[in-house]
Each structure stands twice: as structure tokens, then as C-alpha cells.
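Structures incoming, each one as C-alpha cells.
After this come two complexes, each holding subunit A, first together with subunit B and then together with subunit C.
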Partner chain A sequence: MGNISLTLNGTPVSAPQGMTILEVARENGIDIPTMCYLKDLAPVGACRLCVVEVEGSRTLVGSCHTPVTPGMVIQTHSPKVLEVRRVLIELMMASHPDTCIVCEAANCCELRLRATDLEVGMPRFRTRMHYFPVEDENPSIIRDMSKCILCRRCVAACDNIEGKKMFSLAYRGFETKVIYDLDKPIGSNETCRDCKTCITLCPTGALRLPMKFGQEKKGPVLYVKG
Partner chain B sequence: MPQEKVVLRNCGAIDPADIKTHRAREGFKALEKARGMTPEEVISEIKTSGLRGRGGAGFPCGIKWEGARNSPGDEKYVIGNADEGEVGTFKDRYIIQNDPFSLVEGLAIAGYAVGARQGYIYLRWEYSYLLDLLRGAIDQARAAGYLDGFRIEVRQGAGAYVCGEESALMESVEGKRGEARYRPPFPTVAGLFQKPTTINNVETLMNVAPIVLKGGAWYAGMGTERSRGTKVFSVSGDVARPGVYEMVLGSPLRELVEGLAGAKDIKMIQIGGATGRIIPYDQIDAPLAFESYLGAGAITVYNRSRGVLEIVGRTMEFLAEESCGKCTPCRQGTEWLVETLDRFRRGEGAARDIGYMQVLADTMALSSLCGLGQAACSGLVDTLKYFRDDYDRGISGK
Partner chain C sequence: MTKKAARVKTPDNILMALQEAQARSGPLTPEVMAGLAASLGVPSNDVYGVASFYSFLSIRPLGRNVIRVCQSLPCHLKEGQAVIDAIRKALGVGPGRTTEDSRFTFELVNCIGLCDGAPAMLINHDVHTDLTPGKIAGILQKYK
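Right, the complex of A and B next:
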């Protein structure tokens, strides 16, 4: 497979065939925000945050799963793309609880980071919230599904990295939920052990380590604009 | 322009449970003729005909078949999409009920042209009562020797609208959760079980036998430049004579709605079901063609007693319920729209939400993973344009 040429944000670049737009962009120092994407795993294409403008395409295309083609003309940060990404972040936050102030993930929350990066202002789209009881019986993991934004990283990681397939998806539409077993809380005697893979990958505070009081918070203090 | 029966040629004229009555009307002659041609010749004939997909997207059928034919691989599949879930369509049910043999024949010709040894018919759960009839048609065709080297299996859906979308349909046939896949790769390259696959609507497959028998040029002689042949319409709503009508493409909408179906006092017409367009009465002279609006051919007529917000709100409730929940814009966006339209229906809407609805509609159309999310707001956007007063009346304090 030889190299192909394409235009990325007005600059001609060359890339090996079969690479995705996202990979090519990152190789050229362009940061496209992602949420469901995990390097080295098969793309999911669910969050849509990585969409870019490709000349000749009716819609925006997901850069994490679209391979580059010869002569492709790509805009990764056009005003149209940025506005769509802003709305997508707002939609992810639409049903996300406003508990950042007491959330353990607050300082290293990717949702908050992306919202800050994209200068998402006052939320325009608020919906009802999900109220799921916090699952805190297991000594290795705490799950708060109210905070889940359905990026499916935990599903992919448990399946592909740990080979355990603990999580799957159930229900549909707004009621879609990442479930454990046949949608029961993770109890204390479950197969789930302390591999921490999904906890490390969760972009929000939905999955976390059981916290003891007085424990130090992780990550640098986030600079919040505005 | 009266009705022109190509797809519905045998409906009412044959016994759907008896292959002999079908054979008496040139049944399976097209399959025999196709097998005497090369697959490339069959595809070329379909391309000449200008037949486009009848499921709503209108993709040229011949190009689809050629794509799957030319994709590398020994194992290929053809699928007949009988998951007729679009709100207000019932044409495929009528077709299967009255002429299941022509569907089997069309799928067998598709299989021959593409090079598939296995075909599937994906039947929606709500049509379970057609299962015996359809299986009976397949068995009779097999017993008569028409399906040598080609196996047809009927798979049933489980009641999800989104499984009519081709990639979710394939996931469902594979036994997985019915969720849309990203494209590329397109089904013609990596479809069912990651093998080259064509998916055609029931009605598209019904057109195949006549095209093979009478030639693509005959078919291309009907219709408009970009919409060849005939189309079956399901007309319902505030009409005197609801039902299934087949017309040459390009016929005026007025002829169908007012002439054949006998609608009076029309306020607006929804064309293409829940994800379709809504047009006001003053556009009733639009032609029924891919150039204007068509979708899967669902025509729902509303008279002046109907409220715009109620129709758009209920449509959105349906789409929110049926969204697979995979991609953010569709899952979250439909929910916000349901809640917002509900506020407008109660007269508690906020003026700025009208602008937000437009912003959200653009985002959903641009970034959703499949056609459901991309087209979910078409009716909303149309009514915001043509019936803005109805929305303004829903604003709190007005």
C-alpha cells in the first residue's frame, strides 16, 4: 500500500493508504477532539465529536472511522465543524448531572475539558436527567450511571483489552444504558476484579475507584474559562 | 394520469398460496431468462432501466449490484428488506400478501446477478402473520426447481424501526443489537458477516422481473429523467379512499391525493413518513419523483382540523422511542426535541427555543450516524418554515 496525497486544512499532506482521517490529522499535529475513540481498538463512531468536513460529502464524516482517500480535501476546524462539536458537547451535558463540584473526576474530566476547549457557553439544550442509584458495593469499582455519556469505552475495553465482556448495552434511544450482567448493580462478589482498565478510560466520573475520605484528588486543577 | 401497474401486476390476479397461478402469468420466466444471460448482462439491463431504490434513499439499483458483484470474495449475500417500518407505509405488506412469488423471483435474480448463494428476507416482527405465506412461496419455488443453488432464509425482526436501516438490519440478521454501523465500508464491500452484500427494498426487487423480461429501455421509458418507472404509494390520513396506489413517477401529487384518494380540505401532506418532508397544500402540484420528495412512498394527508405541533410532536416522540441510542446527536437530540415540542404544545414554549431547534436540526442532519438521525428533523424544519405561526402560538405568554 503506497502513500496517497490529500489536503488537510489547506495544506497538502501525504499519508499511507488505509489510515483514518484522525490518524493522519494527529500525525500532522492537528488535535481533533474524540470521546469514544480508543487508540489501537476498533473505532466505535458513537460520540460523533470527531466529525470533520470533507469536500463533496453531504454530511460531516466521523474522522475516527473514515479512511483517507486520494485527493480528499478535509477541514478539521471550520466554523461549521466547531459549531456542530459545540452542540454535541452540549447534548452530552444535556442529561449530565450538575454535580461537578463534588465529582471525583472533576479535575480530570474529559467532558469538562472538551467543553472548555470548545468554549461551550450557557447550555442551550437541557433534558431530563437519568437517576440511577450509585453502585458502590464492589470493592474495586464504583459505578454512577447518571454520569455516563455512553461513549462505550468501558464496553470496548472490557471486551477487547481484558477479554471479559462484563458490559453490554441495553434499552434504546434516550434510555440506552451500559449494563452489567442482565442490568443489575455490580455486587460485592462479582467476576469484576480490580483491573481498573475501564475506570482509567472512563472520560467522566461514571466509573471510579472506591474513594476514601481525605484521599488526594487526581489531576491538575482545571482552568475554567469565563 | 391513471394508475400504471408494474409492481402490482399480479396483485389480485393470482392466488398468493399457489405457484401455478403465478406461473400462468409469466411467473419465474424472468429468472429463467436471467440465468440464460451473464450476470453482467443482467446488471447492465438494470442499469439501463434507471431503477432506483424504493426504500427511500433512491440509490441506483444497478450500481449497487455491480458494486457487490465486483467486490472480491466468494461468499456474497443478497437481502430483501421487508422491515417496512416507516410510518404510514403499508405497500410491502400488500405486495407480500398478494404476490410473494415475484419477491422470491426478484431476490433470486439479484442473487444470480451479484453472485450470492444465500439470500435473506428480513421480515418485520409486526408482519409475522405473513411468515407462513412467504415461507410457503419460497418452498413452492424451491420444489419447482427455481431455487437450485440459491437458498433463501426468512429472518424476523423484533419490532425496531431502526432495523429497516440497512446497516442496523445486517447487525440484526447477525444476531446483534440493531444499531447503525458507520460507513465506509459500504455493504457492497463489507456487509452482512463482513461479506459483500446488497440490500434492496421489497418494491425494488418487485421491479426486477419485469425489467429482465421486457428490457431496461422499456422501463426507462416511464417517468422523469432522474426517476424512472413506477412507484407504489401508501396513502393514508384524511382521505376518502386510503390504500395502495401505483403511479408512473413524475405524476402530480394532486392527482394521487385528490384524484385517486379523494382528499378534501387539505392543510398539509407528510411525504415519506416520520423522517419525511411536510409540505403545505399550496405545493400540491409538485411531481412525485426523486427530484422533489418521495421517501418510501408514504403519503399521509392532514386536513385543516389537524394541529401542526401535535403532528410534529408525535412524530418526534416516535423517533425518540425508535432511536437506537448509539450516536449522541440522535439519542440526546430527539429527547430534547420531544421535551421542547411538548412545551410548545402546552403553550409554555420559549421564543429562543425556536432558534435552538434550528441549530439542533442542522447538527443532527450533519453529524448523525444513520438516516434516522439525519432526517429526524425534516418535518420539523419544514413546518418551522411553512407553519411558523403555529410555533409562535406555543410560546409562553402569547
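Right, the complex of A and C next:
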């Protein structure tokens, strides 16, 4: 497959055919934020955070699943793109509980990291939050679906990496939820393996390891700007 | 897809299989869904995911008559909310619920393709269009 040339943020670049915009951008040192994207797995295109502006396209396109085409003119950080990304994060934050201060994942939360990067403050939207009881009976995983932002990473990871498919999406619209079995809490003697794949990938504190008090928290410390 | 194809037990047939199961034995119970999952070779969470997504598949027991009121945009713009409120008042239960005497199950559904007669609803398989709050009591009377 031959190389094709395109314009990325005003700079001409060349890339092999079949690559996605996101891959080309990352190769050229441009950081497009992502949430649902997992390297090496088929793109889901659920979070829309990686949208970019492509000249001639009616709408913004998801860069994680759009292959580059010859002569494409792409803007990854135009004001329009940044505005959309901010609103998307704001919407995710609006239905996410404001419990960061007591959350296990607070210092390594990707949602907070993205919000900080894009300088998103308090969400403007008031929406009814979803509250689900914490599922903490299983010895290898604690699930708190109130904190889930429906990025589908755990669904994709369990299916593609572990080949188990423990999770699915159920219900519809605002009611959508990642479920286990027939929307049951993960019990103590379920078949979930102790692989930690989904826990490592969860961007929020929705999935975490059962941990005792005083145990060290993992992950880089998040420094909040300003 | 034909009826014959639905009998082939493959994961692609999950929706057809669910429809068949519901037509045969009523609302989908956890046992039915678990059985289907085993015979189709898909995880039970996938079966539940599909069953809970579609308004015409039911994972809860239903009343004798099922009211499905459209909540999509055209109906909403034609005062659909007033109709929903009128039904709620007439039945005494909100959307997603069944009346205590099991006479009605009240559900909100997405577009049912009756936008020309918005606001619209289905009761069982009967179409009711151009609804107003005033018409509700008369329509509900016909269903015992």
C-alpha cells in the first residue's frame, strides 16, 4: 500500500493508506484526546471525544474510525472541535456523581484528566443522575455503575482481550447501562476471572479492585491546574 | 428474514428467536432468556441487552392490554406530553407500570411510524392517532 499525502493542522504529512486520522495524528505528535478508543482493538466510536474537522465534511468526524484519504485537510484543535469536546466532557460530567473527593480513582481518573485538559468546569446541564448500588461481593472486582460513563471499554476488552464477554449494554437512551448476566450484581461465586483487564482500562472509578484501607493507590497523581 | 431462517440457531438470530419466544410463551422470563442464550451460543447478558433495548420485547410481565405511547419528537411537538399525562391520570400509574388489576400496562416507546397522526399510540395492535387528552377516557373504555 502506497503512502498518501494530506494536510494536518496546516502541515503537509504523508501516511500509509488505511491508517486512521487518530493514528496519523499520534504519529505526528498531535494529541487527540480519546475515551473509548483502545489501541489494537476495533474502534467503537462511542465517546466522540476524538472528533476532528475535515474540510468538505458536513459534520465533525470521529478520528479513531475514519481512515485517511488523499488530500484530506484536517484540523484537530480548531475552536469548533474544542467546543464540541468541552460539551461532550460536560455531558459526561453532568450525569457522573460529584463524589471525586471520596472516590478511589480520583487521582487517576481519565474523565477528570480530560476535563482538566480541556478546562471544563462545573457542568451547566442538570440531569437526573443514575444511582446503582455498589456491587462489592466478588473477590476480584468492585463495580459502581453510578460512576460509569458508558465508554464501553470493559465490554470491548472482555470480549476481545479475554474472550469472555461478561458485560453487555442493555436498555436504551438515558437508561443505557453496562450489565452483567441478566442485569444482576456480580456475585461472590461468579465466573469472572481475576484478570483485572477491565479494571485497568476503566477510565473512571466504576470498576476497581477490592482494596483494603491503607493500601497504596496506583496510577499517576493528577495535578489540577490553576 | 423468513420464519424458517429463524429456526436456525445462530447468534445472528437473537432478535428473531426472542420474538418467537415471546409470541410462544409471553413476556421473556430470566429462564427463557438463559435458555435462549445457551441454545444460540451467546452470553446471557447479550440476550438481555437485546431484549431490554426493544420496546416490543418485554422482560417484565404485562397486563391484559398494552398501551404504547409514542414519545418521539413529532408526537412531542404535537402536545404528546399532555396525552401521556392524561393516560397517567386515567390509569393512576406512570409509564413503565402495570395497573393493579392487570388491565393495562403503560409504556412509552420511540417512533411507531404514525407521525402523520401525531400524537399517536398503540393499544395492543390497534392504532390510535390524533390524540387529545379528552379522547383518552373514551378509548380506554373499549379495553377490558
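FYI, the second predicted complex is superposed on the first by the 223 of 226 C-alpha atoms of A that agree within 3 Å, B and C clash if a C-alpha of one lies under 4 Å from a C-alpha of the other, contacts with A are read in each partner's own complex, and residues count from 1 in each chain.
Following the convention adopted for this analysis, a contact is a pair of C-beta atoms (placed from the backbone, for glycine too) under 8 Å apart; a residue touches a chain by one contact, two chains touch by 3 or more.
Predicted model, so just to flag it, every value in this text is computed and none were measured.
Per the definitions stated earlier, placing subunit B and subunit C onto a shared subunit A by superposition produces a clash between them. Contact comparison for subunit A: of subunit B and subunit C, B touches the greater number of residues. Using the contact criterion defined above for the overlaid structures, shared-chain residue A:182 touches subunit C, although it does not reach subunit B.
Touch criterion not met for A:196: it reaches neither subunit B nor subunit C.
In the superposition on chain A, A:62 makes contact with subunit B only, not with subunit C. Once chain A of one complex is fitted onto chain A of the other, the partner contacts of A:165 are limited to subunit C, with no touch recorded for subunit B. Residues 169, 171-172 of subunit A are contacted both by subunit B in one complex and by subunit C in the other. Residues of subunit C touching subunit A in their complex: 30, 33-34, 43-46, 48-49, 52-53, 110.
Of all the residues in subunit B, the ones that touch subunit A in their complex are 160, 162, 177, 181-182, 184, 320-329, 331-336, 339, 356, 359-360, 362-363, 365-369, 374. The touching residues of subunit A, when paired with subunit B in their complex, are 43, 45-49, 51, 59-60, 62, 65-67, 80, 83-84, 87-88, 91-92, 94-95, 124-128, 149-150, 169, 171-176.
Those residues of subunit A that touch subunit C in the complex are listed here as 165-172, 179-183.
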